[in-house]
Amino acid sequence: MSTRSVVPFGPHHPVLPEPIHIDLVLEDEKVVEAVPSIGFVHRGLEKLVEKKDFNEMVFVAERTCGICSYMHGMSYCAAVEHVMGVEIPERAKYLRTVWCELSRLHSHLLWLGLLADGFGFESLFMQAWRLREKILDMSEASTGGRLISSVNKIGGQRKDVDNAMLHSFVETLNQLEPEIRTMVRTFLEDSAVRSRLDGVGVLSKEKAHDLGAVGPFLRASGIPFDIRTTGYLAYGDIDFEPVTSSEGDSYARTAVRINEIFQSIDIIRQVVAKIPDGDVAVPVKGFPKGEYMMRVEQPRGEALYYVKANGTKFLERMRIRTPTFANIPPMLEMLKGCQLADVPMMVLTIDPCISCTER
Amino acid sequence: MSLFSFAKTEFKNLFSKPATRPYPQQPREYPERTRGHIENDMDVCILCGLCSKKCPTGAITVDRAGKTWSISGFSCIQCGYCVESCPKKCLSMKQSYTQPDAQKGTNTFVKPEQPAPAKPAAEAAKPAPAPKPAADAEKPAAVPAVPAEAAEPAAKQD
Amino acid sequence: MGIIAFLIFFPFLAAVVLSLMKKQSKARDGVVIASCVLIIAAAVTLAVTFLSSGRTQEYLVEAPLWNNLILAGEIFLMLLVFYYGFRYRKYYVVLLSAAGTIPIVWEELAGYGVEGKNHITVDYLTVIMCLIVGVVGSLICLYAIGYMKDYHRHHTEYRNRTPFFLSILFVFLGAMFGLVLSANLSWMFFFWEITSICSFLLIGYSQTDIAIRNSFRALWMNLLGGFGFAMAILYCTFVLKIANIQDLVNIGSQNGGATFVVVPVAFLAFAALTKSAQMPFSGWLLGAMVAPTPTSALLHSATMVKAGVYLLIRLSPAMQGTVPGLMVVLVGGFTFFAASVLAISQSDGKKVLAYSTISNLGLIAACAGVGTYESAWAAILLMIFHAVAKSLMFLSTGAVENCTGSRDIEDMHGLIVRLPKLAFVMIIGIFGMYLAPFGMLIAKWAALKSFVDSGNILLMLFLAFGSGTTMFYWTKWLGKLIAVPHSSRPHPDTIHRDERVTLATLASLVVILCILFPVISANLVRPVLVAMFHTTSLSVITRGDVPIMLLMMCMIVILPVAARLLTLGKKNKPVLAYMAGVNKGDDCTFVDSFGESKQMYLANWYFTDLFGEEKILKPCLAIAAAVIVVLMVVVIGGVL
Amino acid sequence: MEVWITVLKVVLFIVLAPFVGGLLSGLDRKITARFQGRQGPPLLQPFYDLAKLFNKQSLIVNKFQVFLIGGYVMFTVFTGCLFFAGGDLLLAFFALTLGETFFLMAAFSANSPFSAMGVQREMVQTMCTEPMILIATIGFYRATGSFMVSDIVKVGTSPIVYLPGMFIGFLFILTIKLRKSPFDLSTSHHAHQEMVKGTTTDLTGNIFALIELSEWYEQVLLLAYIALFIINRNPWSILAAVVVCLLCYFLEILVDNVFPRVKWDKMFRSAWIVTLIFGGVNLLAILFLNVIH
Amino acid sequence: MKMSKSPWLLHYDGSSCNGCDIEVLAATTPVYDVERFGVVNTGNPKHADIFLITGGVNDQNKEVVKQLYDQMPDPKVVVAIGICACDGGIFKECYNILGGADKVIPVDIYVPGCAARPEAIIDGVVKAVALLDQKREQMKAAESAEGGAEHD
Amino acid sequence: MTEQNPVNIEVREIEKANVLAEASRLHNEGYRLAQMCSTKVEDGYEMLYTFGKGYDLLHLRFTVVPGDKMDSISHVFPAAFFYENEIHDLFGVPVEFMTIDYHGGLYRTAEPTPFH
């Protein structure tokens, strides 16, 4: 008889906040085979286009995922705006950029916490989430929701944020930055933490490219691919470089996300300094017709929002290719041969969002 | 590379006040924009039903005949779309959220018969001893609020 | 005297009779059963008569006839090896056999032989050995009756040579009795060589390629040991002018560490190390697994390897603080540790048992090598308990194999449900191997104390680390047995009555020995030590600890009742095992990634990357070999 | 008289140890929370938990579990009694191993994936800690001339003077024994992990409560072992021992909170290396100095 | 001693959008710190007293939800967190959403909100905890009622 | 209000039979898979495959008539298996020769092939 164990990992599993199931075949602690399964949170929201008109769909889109909720809503709106040929006001673009980066901040801090939880460092998890609360407070103050912002609409933003508040955000971020820096030192320099990250789950540059990885996952393998550099929203006016790292291991992915935290803070500072005055929305009339594929850089990587409309108030098709969907095949590549204790690491270092993956 | 790199933060935490908010002992102040629950100024509402049509989750029920407007806090996603869509601007988003409960109650507002002298009667009501929720959960949002009647006498009294 | 002659000759007689009974029949079974009963009775009689007199008895002071017979026997054995060596073209065994036997024969024929005082001695140690060989050995033979029937039913591809097999088993027993009763080194040598050849024949029983390869490995290693034995005899004859082992020991212990006695002691110790399968000679015992289970049981528990440690214990007083002592201590201690580490990576039940035997013998050897009163006490107790518990383990593993077709530990998953009785017996066996308050542990405890007192830090470390690894491999086996998979059905229990009797007897012996250990210690072991060390040291286990251990024993017995009390008033509701929410409802399958059901499987850990044979066996052998070579060179160099 | 004092000690242990253990756990949780910038649970929380667990329905996977856990509890408590009665350290160690084996068997018998994986790790943990405990025990013997606790506490100089390395080594494996990060590999006490709850995954209600309870006993026992390093003939040394125990416990809490969970192989290697270096070298030193003889 | 002093949580994400999930997690972190109430986030149904479920149920996870619920020892309460878990929320018209958690298991407390904020989750847990004591009493009563007959 | 832009992505229409050949060609040119999407249209299912090279996207479109099968491109682009299983499970379009075939088990929906 073989000395291999066959065990289910998930869908319920305390280390995975979201349900994902993996059939694990183990030899001692070594993973020799891993077949994933999703579908536990599949709702079928893409098909809601038949029941909700294209305006209402904003609320559905933002609930594709509660973490980068804002970005989902925004991407959807942007896609429809493109189809309809609507140009939104500059101030709205800048505001969208601020909220996008706030989302990225809270998402990355959240992820850092989950990663810490995944390798059993509870205090670090607590610290990360404690700092994250400050970001959520900003979200709540500006949008009225901690996670689900409900400020997007086709044609711009439903709410403006006055400059005083924006500057207070920058102020808060300035205070937060050194605290975050102190915390991330543990991720980056603590040798015990390094022992869990270094060389774990290496994804080579070639594999990362061929298997279609996106986001920090891809950038950590040395490919400077960041859709923000294409200059949508206000990114064209902002000075930033994609963060990359070359090792392609879990440590590199952690380091990339950490550097992106500081990059986001910097982007917000630049945006607030440059934000023009004016309206935050334009009126939109008529129904969309045509198709468009919107590309945005979400915290987890590039998301594609494909919208196809036929001139009625109901869209013909909305399809979301989320970053995690693209990242699962390369993740499988990493799982083989890792240790059981690394399985959560592997899953977490792609920063999975099963909710949006399954929609 | 270091060990115990986190100890400094820990000791700092140990000797400073915890970050914990003493909720619920101390009620929480919410920012002005916080989206909690919806209230209706029934003096102004014309029961046109537009809000109910726009609501993405069908949380609002407008009963023209019974002159009531009700909202299920357990269906509302606090998107504020109704507030935006209402032609009379009588809806408002309050900061406090609907309280958790053992039943998925609805909040019913009754249109005053006369131009009301006092404030509108808003009553959070729930079905009294209520059967197990699982049983009546088929389409909770669409169920015309049972407490409408229950709330009515109260409203009529003043 | 008569009883001694009976013990030595009767097994040979039984062997001859059995080899003539070609057909499987009730009569043959009857002969085996009768012989076993007679042997046990004889061994017990010997013990009783001896204990009632309590004096060391010596026989056959003058025995030229017997000397010549034994000489002839030695030549015969050599020729037998020649035959097999030429037949299978393994010429190195021929060489080794010749190198060992010819000098002895020459020495005897040329008249250099020294007349010892006596040829046969009965003392406490002999009696203990006779009891082990007689009782455990006979039980194994008894077990073999039923086992061999099943064996050939399962393995139709092998030629059925059961009569041959059974007769060799008895020859083996006879040789063992001869070995332990002999006082004369040449006589011992003769019986020593018989056991080598018997094991060779038994290991090669199935005559498959692997069996033949392994049997020759066993043969050459043991012949190498035999060669060492021969060298010791020559040295004793020519330099010391003695022929009896006891004389050697006496000289040795009186002239502790003097170079002139050290040489034969070293050679004998070397021989004993090969026979008790210490590293680097562990290979032969592992290879012995290919043989039918009774062989392994016999080799591992009652005979063969015990011959090695018996010799070491005999030599023990002469080894204290000497270079051979150091050699035995280091090799034994190291083997104890290394073999227990190696056992972790094995899933084959018999292989785990084999490594465990090697490991335990290492401990016994180390104790003997330390050569103090306490350590010898530990060594003897270890030997007794090991013989019983290990034979139980081997036989029950064999029974499981015959019932389920596999002896892999992984396949014993849930045995407690499938074969409850066998599993229970096995659990007793495993408890007996390493847990308090059972015998092995008590002995290990004493060993530890003696090591601590001897101040040998390496031994202390070996023991400390080795007990950790020992715990690991036994516990995971235990765990496999006790797992309760819900949908398992009881497996048809096909073990024969003879097997059942044997297993039940051995299992009870494990428990009884544990309870009776103070008695055994006082009445059997202590006198041995007194004779050896001429002192009466304090009891090794502090007096207060004995009742505590008996208390622990009682606690284990009353546990079921206590467990009931602890949960009194509670109704325990059965529920499915947690399987991440996808338990299919039978605790054995789960909903897999494709939405279908998949069989869950829970394997133990084996750490092959860390402790695998490929990884560490060679280095371990090399280390042990280096120790032996270096210290042998030191010993021999000291004389030259 | 002697006998009655011993009996009294045993009874005191049986009665008081859970309180001490529970309080220590409560302290642990409180300090941990404060380390994390949280307010944390009440100090008596562990007792509430225990009471709750005893009040829960007990769901079992099979009936062997109950029996085996019973064995675990009995022998853990028994070990403590033996220790506090001034018994033989080695015997106490063996009894503890026996108890541990029952615990392992209970986890095995559940036949569920997470219990099974947890128990494999638990065995590795035992393999990591056993050598150090044995070596420290040997150290006590070489330093004081006896394996008996009752004799060890009567020595003139605290054993720690001769056994500083052993003390450090023991502290190291104490982290494993107390299931603290970085070594809480088999039953995650704190942050979540791949093992779910490992060995205790399939234990519920009062059976699980018994596990908690025996962990308290074990905690007290382990700290008493630490105290053994300090105590000598001078009665004041008992106070010193209590202080040292508390400090050690605090240190363990700190370690628990500043480490991620390491992988089993790292634990295994580090535990053995520490044992070899601190335990082995110390042992060599006292053998060399031949402290007692 | 009251059950309510030591409520241990099991959290399962039905088919939520993560919004409520991470709020549940947030409730355990320093700013909200539900451990003040003795809450431990166990992650193991067999140790849990309170089942926090977020998101609605779909065809693939309903068995999982049921199984987790069944593996919890009595007394136990279920708290549905967020609109999705209350009635399917914005996804209730999706083809793969059966509805709220009460479609498969009895829900004791509903916590509204999209996403339910940590304060609401705390309120929900506090309400649930009170129920635990009640259920324990009922359990005891039931036990003593059938007690004599059942004991063997 | 501005004129609505009818098509604002560049799409290359191809034949269903050529999909594997086209995919291989793109793979050789250094493209990687960005997404695969199916849309239910009147005469069947419209497949939109998107490939990326650097920041450029390239779309291929073809139609599968109901009841017809299509070839998997997962041997060329390994990540495709995930998209293809999704298309199979949600739209009911059989995909042949996928590297990992869930046989309809990727999404175990109450209603099979809801987009059918």
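To keep things simple, chains are lettered A, B, C, D, E and F as they appear, and every chain counts its residues starting from 1.
The definition used in the following text is that contacts are C-beta pairs under 8 Å (C-beta built on N, C-alpha and C of every residue); 3 or more make two chains touch, one makes a residue touch a chain.
Bear in mind that the values here come from a model prediction, so they are computed numbers and not experimental data.
Counted as hops between touching chains, the shortest connection from chain A to chain F is 1. Common neighbours of chain C and chain D under the contact definition above: A, E. When every chain is reduced to the mean of its CA atoms, the largest separation from chain E belongs to C. No other pair of chains shares as many C-beta contacts as C-D.
The geometric centre of chain A is 44 Å away from that of chain D, both derived from CA atoms. Chain centres here are Cα averages; for chain B and chain E they lie 22 Å apart. Each chain gets one centre point, the mean of its Cα atoms, and the points for chain B and chain C are 80 Å apart. Chain A and chain B have Cα centroids lying 30 Å from one another. Along chain C, residues 571, 575-576, 578-582, 591, 593-595, 600, 602, 604-605 each make contact with two or more other chains.
Among all residues of chain A, those that touch two or more other chains are 5, 7-9, 11-15, 28-29, 35, 37, 39, 42, 44, 47, 59-60, 63, 121, 123-127, 130, 133, 145, 148, 190, 192, 358. Under the contact definition stated at the top, the residues of chain D that touch 2 or more other chains are 33, 35-40, 57-59, 113, 116-117, 120, 192, 196, 201-202, 204-205, 257-258.
Contacting chain pairs (ordered by label): A-B, A-C, A-D, A-E, A-F, B-D, B-E, C-D, C-E, C-F, D-E, E-F.
Interface residues of chain C, counted against chain E in their complex, comprise 571, 575-576, 578, 581-583, 591. Those residues of chain C lying in contact with chain D across their complex are 414, 416, 435-437, 441, 445, 448-449, 452, 455, 457, 460-461, 463-465, 467-469, 471-472, 475-476, 478-480, 482-486, 542, 544-545, 548-549, 552, 555-556, 559-560, 562-563, 566-567, 570-580, 587, 600, 602, 604-605, 610.
Chain E meets chain D in the complex at residues 1-3, 5-6, 8, 29-30, 33, 35-38, 40-44, 46-47, 49, 71, 73-75, 136, 139. Listed in rising order, the residues of chain A touching chain F in the complex are 35, 37-39, 42, 44, 47, 82-87, 209-212, 225, 227, 229-230, 284-286, 288-293, 295, 304, 306, 308, 316-317, 319, 321, 325-326, 328-330, 358. Chain E meets chain B in the complex at residues 30-33, 36, 79, 83, 86-87, 89-90, 92, 99-100, 102-103, 106-114, 116-117, 119-120, 122-124, 126-127, 131.
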